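Labels A, B and C are assigned to the chains in the order they are written; within every chain, residues are numbered from 1.
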């Protein structure tokens, strides 16, 4: 074990973190900015948690719905861990970490909470429906990108406005944006808690992530329900840990949700 | 007639013309191109007498013989270890240069130093600026134990250490932390008190930020006093 | 005949520019360059160990640039992720635009990685990327012969213009688009490409206009680098 990880673990066992935060304390500066790419993206946002920074953008497309969901549109979520954001990432196709973030964090949260009523994305049953594409990128990875990405994806969806659709010409007119918002029923917020030794730690820094035994990201909704969970890390969690993480996720999720509720 | 085109303490960018004419001598990261003195790096100008010196604000560490540096063991071979010191290539520490005791006769070098171990070592040979040979045979050089590691910009290291170590000693005494500063900008910190570790790190980062300000020592002394109380700072 | 520009600019006027350095703390050097609606970010990592090894140069570091546009950065359809042929061509010419100024013989056998991402695009993307990358390299503390500034110049509907936006690039009366990169101080050209149709005389005038524009851009790049160190004084 390297000397920094060892030091992290010794201090965390005593409830002490390198930056002086409490174990269940989020970094103070969490900011959300909307429309960061408004000339091109139909919706966009930037989230910063301390010096961790991510951006997200929404694009709309029109296509034929799937046969078994003829009256619904669809959502496609993507995540790229840019080499720009950390010396740990390489260029190339998405790594498993990126895929996990796209599927288990962004996609599952939105889908399982039914945050978007897919039926409202239907244009003509069986023929035309909207696809909402949300792409997330890391700009600076200083720990806990999962939570930043989850929050940013929802902020970008909030910011999004449909482009005009010309039904006759069967063409999306991107140059003309309508006032129509993405119909959001819910704002699912993922919160990640890691386990180091016997302690649970919220909003981990890179040193803490490197020292972790296990990790649990829980996505919660505004009515206090859990809509997605994803465990990571080579270690184990007790049932008690899971209960505590859910409690923390509900609490912190509520706080973060306030930032994008209005 | 030499025309100096920048003020003392001006920040300049690469390619910027500092002086026109033969009346001044370039130093540091400034160089002469025909009759002009030009900046080679982003830096601060220091004009003293007939010398125009350019002090780089940020820099890439270029290893020099006798530098003490900190690094992490990345790989082990039959005869030595590869050490990552943040440079453009790994440095080499041969078993023979470990501590002088083993004469390279240890069969399994991983029993001495393993992957991931952090060491303080001395540069004893440099070829072509980035092929480095290290030794751990000198006093104080060793495998480091639990602690924190931070990275600072190499040009700031002399200010962090201070004249004859005065700056770093002030921080060590005020925070009661053990601190080892590598010339390559990697610094190890351990305090019995984790809160003092934070103070030490913030102080070092403050020096990095203000490195070329006049009266730096007083500014840092004041900064420390605010954090640990006046009586604890020499 | 194209008389007044779509956005009312003078023929030798660039769109408004903002630049900032140090936007990505993890990187050795980083910068943002915004010109009109085109926003480019650049981050520098290295010099560091190079893989694959066959790319190594024995006497200096290899400069490796990677240009990419975010999926939502285009004003039309979503851009599919992954490296297109255009991305790879631009990565290559970006390397060629920066190599002449970068002095990296202190680091033989290693690599300097420059990553460029476009957040929003409205023409002039490769030039914006080069401007950002140049600032990021200086910010990282590399030895350089100078900063590289880049701008597109061209002929639109018969009119010589500087800094074409997307509308101008698609002008129905024909256009000529010429990205130029140079060391503004010396006028040495490090990037030169052209798409279109122009007389030798027009090209001569275009290069002259490019130099003037690059001098202005270099001032902005310089100020951005200075701002990051105001505290040092």
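Definition applied: a residue touches a chain if its C-beta (ideal position, glycine included) is under 8 Å from a C-beta of that chain, and two chains touch if they have at least 3 such contacts.
Note that the coordinates shown come from a computational prediction; the quantities given were computed from them, not determined experimentally.
Q: Let me spell it out: compute each chain's centre from its C-alpha atoms, then which one is farthest from chain B's centre?
A: Result for max centroid distance from chain B is chain A.
Q: If you tally the C-beta contacts for A-C and for A-B, which one comes out higher?
A: If we tally the C-beta pairs in contact for A-C and A-B, the bigger total goes to A-C.
Q: List the centre-to-centre spacing of chain A and chain C in whole Å, with centres computed as mean CA coordinates.
A: 32
Q: Quick one: chain A and chain B, Cα centre-to-centre, how many Å?
A: That gives a centre separation of 39 Å.
Q: Enumerate the residues of chain C that touch no fewer than two other chains.
A: Answer for chain C, listing residues that touch two or more other chains: 48.
Q: For chain B, which residues are shared contacts with two or more other chains?
A: In chain B, nothing touches at least two other chains.
Q: In their shared complex, at which residues does chain A touch chain C?
A: 36-42, 44, 51, 53, 55, 57-59, 61, 78, 80, 82-87, 91, 93-94, 133, 135, 137, 139-142, 172, 174-175
Q: What part of chain B is in contact with chain C in the complex they form?
A: 9, 11, 13-17, 29, 40-42, 44, 56-60, 62, 87-90, 128-130, 153, 155, 209-213
Q: Show me the residue ranges of chain B that touch chain A in the complex, using the header's touch definition.
A: Touching chain A: residues 72, 116-118, 144-149, 190, 194-195, 197-198 of chain B.
Q: Provide the residue numbers of chain A that touch chain B in the complex, in ascending order.
A: Touch list, chain A to chain B: 1-4, 6-7, 10-11, 16, 18-20.
Q: Using the touch rule from the top, collect the residues of chain C that touch chain A in their complex.
A: Per the stated touch rule, the residues are 23-27, 37, 39, 41-43, 45, 48, 66, 68, 70-78, 81-83, 113, 115, 117, 119-122.
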